[in-house]
Amino acid sequence: MYSFTNDYSEGAHPHILKALMDANLVQHTGYGMDEDHCGAARARIRREAGREDAQVHFLVGGTQANLIVIAAALRPWEAVICADTGHINVHETGAVEATGHKVLAVPSPDGKLTPQMVRQVLEAHTDEHMVKPKMVYISNTTEIGTQYTKAELEELSRVCRRNDLYLFLDGARLGAALTSSVNDLTIADIAALTDVFYIGGTKNGALFGEAVVILNPAIDREFRFIIKQRGAMLAKGWLLGIQFETLFKDGLFYEMAAHANHMADILRKGLEEEGFSFLSQSMSNQLFPIFPDALIDRLSQDFSFNIQEKIGDSSHAVRLVTSWATPEEAVRSFLETLRSLRR
Amino acid sequence: MYSFTNDYSEGAHPHILKALMDANLVQHTGYGMDEDHCGAARARIRREAGREDAQVHFLVGGTQANLIVIAAALRPWEAVICADTGHINVHETGAVEATGHKVLAVPSPDGKLTPQMVRQVLEAHTDEHMVKPKMVYISNTTEIGTQYTKAELEELSRVCRRNDLYLFLDGARLGAALTSSVNDLTIADIAALTDVFYIGGTKNGALFGEAVVILNPAIDREFRFIIKQRGAMLAKGWLLGIQFETLFKDGLFYEMAAHANHMADILRKGLEEEGFSFLSQSMSNQLFPIFPDALIDRLSQDFSFNIQEKIGDSSHAVRLVTSWATPEEAVRSFLETLRSLRR
Amino acid sequence: MYSFTNDYSEGAHPHILKALMDANLVQHTGYGMDEDHCGAARARIRREAGREDAQVHFLVGGTQANLIVIAAALRPWEAVICADTGHINVHETGAVEATGHKVLAVPSPDGKLTPQMVRQVLEAHTDEHMVKPKMVYISNTTEIGTQYTKAELEELSRVCRRNDLYLFLDGARLGAALTSSVNDLTIADIAALTDVFYIGGTKNGALFGEAVVILNPAIDREFRFIIKQRGAMLAKGWLLGIQFETLFKDGLFYEMAAHANHMADILRKGLEEEGFSFLSQSMSNQLFPIFPDALIDRLSQDFSFNIQEKIGDSSHAVRLVTSWATPEEAVRSFLETLRSLRR
Amino acid sequence: MYSFTNDYSEGAHPHILKALMDANLVQHTGYGMDEDHCGAARARIRREAGREDAQVHFLVGGTQANLIVIAAALRPWEAVICADTGHINVHETGAVEATGHKVLAVPSPDGKLTPQMVRQVLEAHTDEHMVKPKMVYISNTTEIGTQYTKAELEELSRVCRRNDLYLFLDGARLGAALTSSVNDLTIADIAALTDVFYIGGTKNGALFGEAVVILNPAIDREFRFIIKQRGAMLAKGWLLGIQFETLFKDGLFYEMAAHANHMADILRKGLEEEGFSFLSQSMSNQLFPIFPDALIDRLSQDFSFNIQEKIGDSSHAVRLVTSWATPEEAVRSFLETLRSLRR
């Protein structure tokens, strides 16, 4: 039984494990304050971002990163705009609301926000009887595998700056976005166009870890206080430093994400050849093919994956996710099984 | 310049003012614990509700009542379902989210929730990665003047009880609902079908005040603690008691609401005769006629009212609200002005 | 049975009631935005404060004022310093903590904070593993009837400004402080020395109402949003405007407070003549004489008052409060009863 | 430069690292739902606790565990009692208050709570104008190295049960407590006497991790929802499972803690021989000797450690912490340096 359920079913890339082993018995300063690894990782990320003034904080997971960034940035009556498919809107058990802030979700067919959507939210919020929109949250890749072009991100950035809105990019799957065949963005572009973003490690070959990169000093003010307050300051913080130091050494971060995308490309091509259609136009490591229910039942005997949503009377879109660790053989085996079932 | 902006532009019915005057120099127990007035008002409301076991708490305003009831009823990860037009979703500056809870807003063309809408939300929330829907919030009348029939409320109550959801009815304009020509509900019906509701005084001739009626003891547990914690325990609580005691003496509550509705009936009929259409099918004291922009400009010279929303290229729906204090003459004058402008 | 339980057992001064009656059927702009009364009251308070730039907001009660000011002023990890007797620490059911902020309570024998106490708290809070003290909260008069001299307030103000701390003065009983025989402060002094304070109406002859005066624009930023969010924006806001307009017309505010203090002076002198000692050195309208338990039992047959705390084996300090409405006769009667019981 | 700064300066015991390596490329179910490791670790902890019905949840860190347990257990107006030295009171940046709850801190000379202290808090909280105490939080070992005897824990448990208070034991350093020479408690005793406790991995040889053990079902209700909501649900949850599985295999948990305590015993004995006195009577792995400032300066050239607090004019108590990884040689070297400096 091979699992395409997600991209965090395995541990970490062997280089990362080795780096953790090597440092294991060395005494380190705690709480992310060590220069050896956290310092080195910060330096590498700043270089990648082309911004020496960027503040970099390492957190354990994505929901944690989202709630902390938003709680740090907003005053109590301020709200965050996102697509209705946004992770913060659907899959974080109300984590943002638990910090006291409203999530203003906008229906979006492709999981992305447009300047027009943002403007509509602004126009609908006119006075103190309503929350004040103050941040725009986007994911890249999105929760349904789509991604922003540089032109799209520039436009969104422009509307945010004109309207005094922070732009926050959730990069839990940033590796997949940056190494997709349709990508034209770099980390430096993102650093230039957003106020804050994070680089996901959990879904790209680290044991865990997200690197929050803050470009706007207004958000960074006393940021370590809120990390601690939300229970997110890892005692052995160097474990995060080591992982990001390794991810950004010799391009390992990109290499792993490219592998995941490559596996998805094979899968997508195979599915297209079989004539299946998809829920979204994903060119990254999450694919959402629409399968007849009978086929899903048969495939489930040999492969695990999630059901995304019902399509018509007797079909569902499923979610197939590839990762840095997916063997090409598993993908080929899936396609062969599929073909044999349809004969 | 006469104002149809809302139903709380004047003070209170003279009977209420007189009762406040009469009690002014008497020493009272504070914080809503006096038997003289708060006790008497509670007794009257329990009788009206046909439930001797109902717990009655007096609060100053509607947003306050909403946030306190919801914060008292829900655990941190639980959420409240409402129509997207719901007051808690739009017009309370994120008050519910500020208590930590997500509002699950469902698009609703007529401002009402149906069992089907509730079921769809339940089906979409399947595990601990999402909030847990636990309460259904409805308004009667709704924010766009529509109202629930007894059959509709019974159905909604049934789906709530089957799914272990609290049903909470915001009655900021309950008087208008209960005295509308299409109403078939009583306060006793509402007490039988909901877990908690409130009776609005502010918008029906009191200086201020909402009477929260709790039928489900799970919500009432230590309710006075959260009233105090949210800064809502009025020191001179008997001021609220006196007002509700007076409202429910000799039917004053119904009499005032019926007057407001009667004024709206005249207005509606006049507008229909002139051929205007409406944003919603309101039979209560809020009307939403659609006027050409040029007409709105002219009317605004003599009357004040709110603009609700843009309709097409050169029209807007406006909101006209009548109250217990609206003189028939003001309504007639509005209609005459309208007619003269169209000649 | 006469009650010395508190200074909010009666309604309002007849001048206030009359003003409310006079305005009753006039249509007003809601939510505190009317120029007629809220505007006029703001102008009077600004004049009293000697600060044309002061922002004035009217709220219904003291706990509400405290939680809103603190939530508006602080970032999530910031905390407020107060005396352990402070109202926010003891008697608000955790209202401040419910907004997410820690209250740093300092033991204080006389209910007042000194610069030394503030400095000790600052020294103990050194990094992001602890909250960051950002505001100092004081009450004048304090919860045990004591009050600040101008010199004391100046010193406290200095330590706050040097350490980038907001100074917030809770004036729920500000009238009593300003008209006490030992007072040397004015509202203008307080406006010059604090960042924000409020003037209490509830405990000085209004039906309800506290006027929050904000001197530091950093606290006023979008303040109306948080008023609304916390359910504290009174629909018929002019009711608050009328009351403060009346309080600050012809010195009514001072006149009522002076009466309450005068009644307390008579009471204090009588108690001293009888040889009783006091829990605190109060020269204002709250007195805390220490009575033998047997005496308390007898007095309780004719007068109501609160027990403050146990003193030794068979005595308690009680709290006797006089108000704008206390008749001199009630005070004399209390003293006579006391004397007769001791014969 | 050897560091006695804390017990989390090194990575993990080699057995733990090996187990992580062995499982690295196996696909696992996420979020702590895997039977292989999380299931196995739960079973071992239940056996240790002698309670098959115990619910076990794995979290990453101590502040996270504290804030989640407390937020899950309390209603908004409920508060938690702790010693003023308690971690939740001092060193968590207001994490508990950020969930909305007041911490009621009681002065305690030895870092422990007594039944008498708990009763005093209860007596002072009498009505809805104050928070309602609902939980007692203790640490074992405490923040100053002291620990509870079985008799003390039994008494505290009794007062909690009689007064409907939850008893919560923070076991961040539970290993040190259970293997101290003066301990007479077992994990089974603690499970029998508390409502919830946790077993610390971070400070006892794991990379990270705390195992929360819930005995009272009222606290466990939908606990996974709040784990997710607070950003604490680790995607690769089996990393926690593997660590606790290893800790409770062949007594590794106890072996590591016993080593840390043994190192502290040597240190304590050496310090006593030199005539130093201590801030607290710690028999566990944290020692608080009082050193003259000049000595501290000299020692700091070769060893790092924290300053705890000022004692008199020219001395400070320092904190020396030993761990599972402390070599005996480091301890001997510290004592030799000390002796040589005093000659």
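Labels for the chains are A, B, C and D, by order of writing; each one numbers its residues from 1.
We take it that a contact is a pair of C-beta atoms (placed from the backbone, for glycine too) under 8 Å apart; a residue touches a chain by one contact, two chains touch by 3 or more.
All values derive from a computational prediction rather than experimental measurement.
Enquirer: With one step meaning two chains touch, work out the least steps from subunit B to subunit D.
Expert: Counted as steps through touching chains, the separation is 1.
Enquirer: Looking at chain pairs A-B and B-C, which one is connected by more C-beta pairs in contact?
Expert: By number of C-beta pairs in contact, B-C is the larger.
Enquirer: In whole angstrom, how far does the Cα centroid of subunit B sit from the Cα centroid of subunit C?
Expert: Each chain's C-alpha centroid was found; their separation is 34 Å.
Enquirer: What whole-number Å value describes the gap between the mean CA coordinates of subunit A and subunit C?
Expert: 51
Enquirer: In angstrom, rounded to a whole number, how far apart do the mean CA points of subunit A and subunit B lie?
Expert: Each chain reduced to its C-alpha mean, subunit A and subunit B end up 42 Å apart.
Enquirer: Find every residue in subunit C that makes contact with two or more other chains and list them.
Expert: 76-77, 92-94, 98-100, 128-129, 131, 225-226, 228-229, 233
Enquirer: Within their complex, state which residues of subunit D touch subunit A.
Expert: Listed in rising order, the residues of subunit D that touch subunit A are 2-3, 5-6, 8-12, 14, 17, 20-21, 23-30, 60-68, 92-95, 98, 202-203, 207-208, 225-226, 228-236, 239, 325.
Enquirer: Could you list, by residue number, the parts of subunit D that touch subunit B in their complex?
Expert: Touch residues, subunit D against subunit B: 71-72, 75-77, 99-100, 128-129, 131-132, 221-222, 224-229, 233.
Enquirer: Hey, which residues of subunit B end up touching subunit A in the complex?
Expert: Those in contact with subunit A are residues 76-77, 79, 90-94, 97-103, 128-131.
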